[in-house]
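Input: a single structure, listed below in structure tokens.
For reference, chains read A, B, C, D, E and F in written order, and residue numbers begin at 1 within each chain.
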């Protein structure tokens, strides 16, 4: 029995981690899909796929079940998204998500989906965490120790602050950086 | 004499249909281009290209002129968009549109364009129709019978409600689903 | 009951047409998928998707069953190809193909596939037909009348001869034009 | 010593030009990268890459240093953007930018970056210039003469006004045209 | 100290495995990049990225060093390939490869590369292994037990035989299936 | 009067240069399009677009007419190729080519094309030149001095030899590197 759990993990935090622990009680193996794998260096997606692979893998070190961590690049086509995920992941029996679109796409493809109120918490924390990093507030208590270590190693807080300032100072002519995958000089 | 008429047809409704009937008086054959063919499962683009092909083809069943229904995937390049459309469509002599950008692109490419006040109506109805589906208000009177039948067959109202809730509940971290072609879990 | 039949239709010929007639006996509606829709102007893929849509639609004019003709652009990913086809086509119950790869992909996706010895004939005729056009041999007897008419209207024989010469005169530095989607000057 | 300076140059104006003159004092050769080269025909990106190449090249005619003008298409991947730029440009020793994201990406790739308060001015003028064109206010004094000439030759003011009206009249169903690379009829 | 080792792993075999064991003596952590991650269902690339992730992860179960297994989709641009790899992988200090192009690209990007005669063996075995599967000869002795188990679980031998026959029977009109990412019916 | 002349310029050699001089007699301004701009580091396309921009620009230094040098990335769609070229280039009145496919595409788009027997020579020299570089034979006499200088500066001969060996030693499993845009380890 193998479960699939997708997130952007920008960064991987305690909300995600509790969710994974809950899933670990229900399945033999877990696949963690790193969504929007091609995005990085924006306020909303500060970390590369590789950096997120490292965070997640290290944080899962103690877990008893076998885990796979696979980056999933966006295909920009909702109708083929499930097939794309399936091709990048070891075959799975159940998907875990609370996102209505993700749930719908898996269900239309005939994949069993399980939702949980815990997902809600994890969603809120992602945005809050990045805000704290930008403002300089405390955030390390909200993520596993291994994640905090990785973010420090890659100078992550400095990066998110710098790219966030692209929005704030108007340098991008009013278009939020998070929409632009490429730098947007005038 | 062949005319080209493009729309997203999300869904195909009476405004579109009256427009097609008007065009049918002026040309021998009509090509209907299904725009943003790769988009689906969002609040703004709930239906796949194939579902829209079916809606349109069935609704046009009684029309006297020969019709072609061709999906047109986005190329993300305004400057080559006319060539792209021309390569996917039987050769046409005149394009029908009221969208200033579409009009401009066809004109710069030397294609005759005809506009009509009727287009305005059709535009307004698309957004209104989807709102009604989401809110549970009446909408079947605004579309040809064949379209209502197709939407029921594919469980379309349930789908648009579910994907629309991705926006409403904040699960996407503030980014409207319609901007994201791929599911966007935190 | 709806059947799906894919081909490149470069051009649509009698082998295809007999196949469609056979399928028409088994289903209520037929979807014809125009494969490699983005390819054109090569020895192997001389005609645009739009030109092929016109050929096929006109040749099917007398058929009793409802037909849909949909261009299918290549996605370059075998693992998501079936989902892509399904998103571009009205929902279908059975796929017709004799191509082992197509058969395999549909089967792995749980779609019923029917094969027929007639497919073999159609395959051979495509290549033979294009050779005859290039060499100036007779070819009109091998295609429906409407197809011959369309090819003349678009000056098709002249085109295939001209692009075929890109290979023959070495202008492409030894790389066959059919591999190159973009012109390949030295 | 070669310097790289990227901008969208929609259009190239006096703010850019002063910046280039300042850079010319520091380097032997200048590469001007035309960013978002694939975008055109929107309110924010009205001109094609080719039109911008022409504007910039003509405006730089009197400059003493050797200049290269290279279109840079968006790759939609921040993490490979520097490599992409480097592959399209003659090798450069220093990059000039005031955009925090651009600065960050070059620095992470080990490229020296120089910023200047002058960049700020150039940013503000781009948006203001396009507004003036749309409203019919004076704008020619803000750009080099050669740029004004090019914009007239390509009927540029008429174009930006027409595409800008796609937003204003609601024809795009609420989605600003600048986000849509493809025309967006309902 | 982290090492990066890329292969297509179609499938992962003893030659790869011995190489990994040798690398494990030199580094603290190993990243295995699954190349051409988007390719599958061809004679040359029969297995999906997800299937290869499973093979490799299971075969590495006993290894003492920390391992990461990351799919790397092709970007079709040699000049940005190293950046792409770096964005998908945890940061690495040395790359292992014997492929002259891979070596060149890493070296031009300033990454240390180590080669080994053992790579040669691994290369030859991949092609030989797939031939044996197609012909029905013995192959299980050439791969780790976990790989043989995975291939059986996914019915891999049957798949490679079926897609290989697309070439052999001419159904693809002379173009080898391995070149075509999309099915290629006539 | 502006002329457009496209080539891959791998590298720019005397055959190209004589052609440009001939064109310079007929037009006021010349646009040189650098084809397959995204390709590099292969036996057939060893140099990046940026390196080729530098070669061509330097070699054209003495020319009396205004010249523009623009990289043209492949779009993989013959039917939109002319529009793509037109969007990347200053507007031109006549295209120069001897490649039958290029000629055909421009003619179908209504662009005047001029051919010349000199093109033939240029084609042969490209392949011959690269062979000489690989074999270590003399080649500098076949290119303008500025091109020889640029190739030395970027260590070009060493690069083409190294990537060419990817083919020769079988490391790519029988698929020539020139077909693979991404490195292809087994």
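We take it that contacts are C-beta pairs under 8 Å (C-beta built on N, C-alpha and C of every residue); 3 or more make two chains touch, one makes a residue touch a chain.
These numbers come from a predicted model, not from an experiment.
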Query: If you walk touching chains, what's the least steps from chain C to chain F?
result: 1
Task: Supply the minimal count of touching-chain steps required to go from chain B to chain D.
output: 1
- request: Have a look at where chain A meets chain C and say same if over half of the interface residue numbers show up on both copies, different if under half do.
  value: same
Message: Count the C-beta contact pairs for B-F and for C-E, then tell me which is higher.
response: C-E
Query: What is the Cα-based rotation angle between copies chain B and chain E, on a 0 to 180° scale and rounded to a multiple of 5?
result: 180
Message: Centroid from C-alpha atoms only, then distance chain D to chain F, rounded to Å. What do you get?
response: 26
Statement: Per the C-alpha centroid definition, the whole-Å distance linking chain E and chain F comes out as 33
Message: Centroid from C-alpha atoms only, then distance chain A to chain F, rounded to Å. What do you get?
response: 43
Chain E residues counted as touching two or more neighbouring chains: 38, 40, 48, 75, 77, 79, 86-87, 179
Message: Can you work out from the touch definition every pair of chains that touches here?
response: A-B, A-C, A-D, A-E, B-C, B-D, B-F, C-E, C-F, D-E, D-F, E-F
- line: Residue set of chain D touching chain A in the complex reads 6-8, 10, 35-36, 44, 74-79, 81, 97-105, 108, 122-124, 126-127, 178-179
Field: Residue numbers on chain E that touch chain C, as the complex places them
entry: 38-42, 48, 159, 162-163, 165-166, 169-175, 177, 179, 181-186
- prompt: Touching chain E in the complex: which residues of chain D?
  reply: 75, 77, 79-80, 82-84, 86-87, 109
- prompt: Which bits of chain F are touching chain D when the two form their complex?
  reply: 37-38, 40, 48-51, 53-54, 57, 66, 68-71, 73, 86-91, 154
